[in-house]
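Listed next: structures, encoded as structure tokens.
One chain, chain A, appears in both complexes that follow, with chain B as partner in the first and chain C in the second.
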Partner chain A sequence: MNTAPPVPPALTPANETVAIVRISPLRETFRLFVQNPTGMIGACLFGMILLLTLFGPTLYEIDPFDIAGAPFTSPDAEYWFGTDYLGRDILAGILVGGRATLTVGAVAAIITLAIGIAMGSLSGFFGGMLDTTLMKITEFFQVLPTLLFAMVLVTLFGASLQTITLAIGVVSWTGVARLTRAEFLRIRELDYVKAATAAGAGSSYTILRVILPNALPPIIVAAAFAIGISILFEGGMSFLGLGDPNVMSWGMMIGQNRNYALDAWWVVVMPGAAIFLAVLSISLIGDGINDALNPRLRKR
Partner chain B sequence: MITDILVKIANAALLLLAVVVLNFCLIHAAPGDPAQVIAGEMGGASQEVLDQIRRLYDLDKPMLHQLAIYIGKVLQGDFGHSFYFNESVTKLILQRLPATVILVLAALSLAVLAGTFLGVLSARKPNGLLNHFVTFFSLAGYAAPVFWTGLMLILLFASAIPLFPISGMADVARPKQGAAYILDVLHHLVLPALTLAIVYMAQYSRLSRTSMIDALRADYIRTARAKGLSERTVVFKHALRNALIPVVTMVGLQFGHLFAGAVLVETVFGWPGLGRLVFESILRRDYPTLLGVLFFSALLVMLANIATDIAYRLVDPRIRLRR
Partner chain C sequence: MSAILDIKNLTVTLQQSPGVVPVLENLSFSVKAGKTIALVGESGCGKSMTALAIMGLLPDGFQIAGGSIALEGQDVAKLPGDALRQLRGNRMSMIFQEPMTALNPVYTVGDQISEALRLHQGLSRQTARERAIAMLRAVQIPAPERRIDAYPHQLSGGMRQRVMIAMALACRPRLLIADEPTTALDVTVQAQIFDLLREMQQDIGTAIVLITHDLSAVADITDEVAVLYAGRCIEQGPTATILNQPQHPYTRGLIASVPHLRLGLAAAQPSEALEEIPGMVPGLGKRGPLCGFAPRCRYSAGPCLEAPPPTTGTGSHQVACWHPQGEAA
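Coming up: the complex of A and B.
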């Protein structure tokens, strides 16, 4: 009586002619990303920028705040990128300044994602009053021009790397929140979520372990763009003089030198190109991930 | 439709009230004495001025009472006094507002028109040369910081191609009258508007390209072609109209960003608008002016949203006739 029902031969483990390979969606995305030329160009460029900012300052031992030569020395064999209005070495500034700019970009993007995902998943999953309230808050933050709001916060609370990072994160999460909410609303209705609920999964388990992993792909794309936007915001604020005065950053270099741009083009062209290349590389990566995730492009 | 719009306006009014409350909270959350914050120029205000502010804003009363006083003042259009400019904040903002509105509207129109045009052209041949150009341009336009684009244009137009003035809003040395003045302003407007437009042109070309590709695949396009309509009619009348809907949405959503971008562009080109005012107030720690600008920019964004909403209903019969 206790014998198991006969198993058709095709499904027995002994008959291993057909193997079902489980590929995780993230690994599949990574495979497609590596094959994508746009994404790989971005990844290589970004890797280079990262290496230069990580190890550059140790190899090129010039303090970016030191007066290294005569003001406005044009780029030559000694000063590859020239010197600025005080005679500070621009290459040294770019190498060291990258650390602040990229750190602010990355941390602000993490804050953006944390707030955005929390707001979006709660309001998408629970719906009802909570959804209405959280969406009203989101709407409120959308009305305030992001960069301007961040500037007001930094002016009021003092310009330091921490306040700048926090301010950028606090003003820019609305897009991620809306995206996450939309994904949650869609996935919430799918069968496997109902199955998980029927199997007795609690709310937090369903949100974190069932829905969120499946909602992640578009959020990862948004994350790449969030880093880019944070870098641009940091640049804009330091350009206006809202940066930390004791920390070299690309935006600050442009802001301090901008009045001399007509006499010495390199003082603004070089640091600006650094911001441009950093943001470009990150958005290329974002594009690459986006293409890798797009099922319509996959079949090509 | 009218009730819908009235609901929107009521909603907008509530959001604006929330912005006022936010401003109030910011004044009190900022480090230091609120009276100092309201006076601006940290530490520079005399005891007399501070006492006067404490009396004006009832700073010794309970918080809720203070909030009520603050909201009452805002409702009367009083955003405080800028001690640096020695002028009422409202007056300062209203003086600078037109320049910014001109700049933002010029940039927005340029971005939408040129961006959509590029997007439509590239959508017709998804693997053509123009398409690659649009993709590259949209990535580059997005990645270049707007203040840097401005500086690059200044470098280009200052000596190499001296066609356009690189600073200010009008010729100060030779002031002009009437039509000549308007032409002069337009002449000065070219570079700032172009700078601000480039970022958004990139985004609109991308967006309209995607939505145009989708629209050109739709069944009604096949029907239109099968009817024997000319390619021009099919693309510009049948497909474009439908592809424009996401573009209209984007215009409303981006108004705020454009406005914030104007802060940087105005600083680069010395354009005498709200952005330049923000820059000056940041330098002087002129908090009342900053908070006033924050309120007015939220107001502008909200007006833009309502306008978009109405435009939306006019463009799309599905929304117009729903109820």
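Coming up: the complex of A and C.
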């Protein structure tokens, strides 16, 4: 018995060692993202900003609207980032203001994506008259100067955080819509979509479960940039005095202090740097995702 | 046994700016349960259009202008979209030519097979997964319990075509349309896939419409052949008859254009020139009522250029030609 020769492995093809690891495209993208220095720098930076805005105000308990010291105190040991023209602590303003700025950015980006994906996917999938109609609407929004249009909306409906967020979302979805439409037009013609139709998939199933997951990569990248752009937008509107006066935000800090920028640089540079770093970190993340999704960079 | 698929006088037209152009004309054939019919012909003859018409998936601009497509007695050509969708993937399904691109890259093959089962048969996630594993085993994929979690890019072309077959047959359809299922695969895998199709057919009793230009496959697994030319069926009959006693000059030309492997002594002789059929299939809109093949046909003369060819034949073997080449040749 024990002298029986072992079966050569080549003769047992059925028992070949098949190591099927469930490498989902999503996980693969994540792995590539983590290996990408650009994306990781962005992610770390953004993580820090997020932590500071989340927990900063609890650790640094100064009301950003309170007069904390003499106006235009330059940055020193007591006021790390100095005080503004009313003597308010700029560090406290940045920590608290980040919440509003980042929330507006995120929510506006979600609105941008929701409108853009809905318009783009319907337009690209169904084509014909619906496509023409939806694209005319998109063009209508595209030819309006976005900042001006957003300002008109905010002026009409009042300067609250909600209207500002909504206004930013409503004026900036056109790019996402066009991108989604282009992806749908491309993917719609692919064999696996036809195969899904031949297997009995209906329109909504095909749009949501077959085409959209395959169209997501460029949309995810666009989403990252949409957050950055929305933050800039919020800053721009607040700078022009259209921010919500009851809520501290980075843009509002710059806007209220802009007349004193030449005398006390820190009053605008500090919140400006906060906006810069936040947008930079998000852009880096977007670049990182873009690289991770680029099939040519995949080693396979 | 009654026919699963019974197509009668199917006419498909394309709406173009100058008018309506026929794509398929008066096509009739039927397939019984467990039987296979081959649609053969050059590219542009209307084979794939026939398949799409049956599935109700004709592209924009194409429409069924006449005739009926009966699936188990139900005319699918007249069904509304919703009812048709219920049939697709359930009672009739389709295998595509390109296994490399016909699977969705973002889902595992298991998800894709289970999806049809859950959609059409209302199975739970767990049951559907078990059935999907069983299907993968049935199409002879090794280690199906593990392959079920593989993504399409992790499988070879032959494997993917097996997955496609598993997907198409998961709901045990009555009719399977295979549109050149092996064109993209290498020869040994082709043979395996045809064997597999035949085995699965015996198992489930599915009727198969095989679209191909691989005449060896036709000889291998089909019971009947319909030869299409420029949107018309020019010759139709049992596979053995068609291949051994083709009557239409076009069918004869097709068969003569297949190279034969010669072994033994014959292999040493210089090979003969392969026959060819001169010319091209006439384009859409350039097809008159006369025999579409006449301009390319070496026998065309007299009546060929004056009137449409009559359909003649004995029993199940039908040919549309003025000069059938039958026994004379």
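In this text, the second predicted complex is superposed on the first by the 279 of 300 C-alpha atoms of A that agree within 3 Å, B and C clash if a C-alpha of one lies under 4 Å from a C-alpha of the other, contacts with A are read in each partner's own complex, and residues count from 1 in each chain.
Keep in mind that, in the parts below, a residue touches a chain if its C-beta (ideal position, glycine included) is under 8 Å from a C-beta of that chain, and two chains touch if they have at least 3 such contacts.
Because the structure is predicted, anything quoted here is derived from the model rather than measured.
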Quiz item: Which partner, chain B or chain C, is in contact with more residues of chain A?
Solution: B
Self-check item: First, second, both or neither for A:Glu61, with chain B first and chain C second
Solution: neither
Exercise. Answer with first, second, both or neither: which of chain B and chain C does A:Gly236 touch in the superposed model?
Key: first
Self-check item: Which of chain B and chain C A:Ala199 touches, first, second, both or neither
Solution: second
Quiz item: With the two structures laid over each other on chain A, which partner does A:Glu189 touch: chain B (first), chain C (second), both, or neither?
Solution: neither
Quiz prompt | Overlap of the chain B and chain C footprints on chain A, listed as residue numbers | solution = none
Practice problem: Going by the contact rule at the top, pick out the chain B residues touching chain A in the complex. | Solution: 15, 18-19, 22, 26, 29-31, 37, 139-140, 142-148, 151-152, 154-155, 158-159, 253, 256-257, 259-261, 263-264, 267-268, 278-279, 281-283, 285, 287, 290-291, 293-294, 297-298, 301-302, 305
Quiz item: Quick one: in the complex, what on chain C touches chain A?
Solution: 55, 57, 85-90, 93-94, 96, 98, 101-108, 115-116, 119-120, 142-143, 146-147, 149-151, 153-154, 164, 167-168
Self-check item: Residues on chain A engaged by chain C in the complex (per definition of touch)
Solution: 13-14, 16, 18-20, 22-25, 190-192, 194-202, 205, 210, 213-214, 300
Self-check item: Complex contact set, residues of chain A against chain B
Solution: 139-140, 142-149, 151-153, 155-158, 228, 232, 235-236, 239-242, 251, 254, 258, 261-262, 265, 268-269, 272, 275-277, 279-280, 283-284, 287
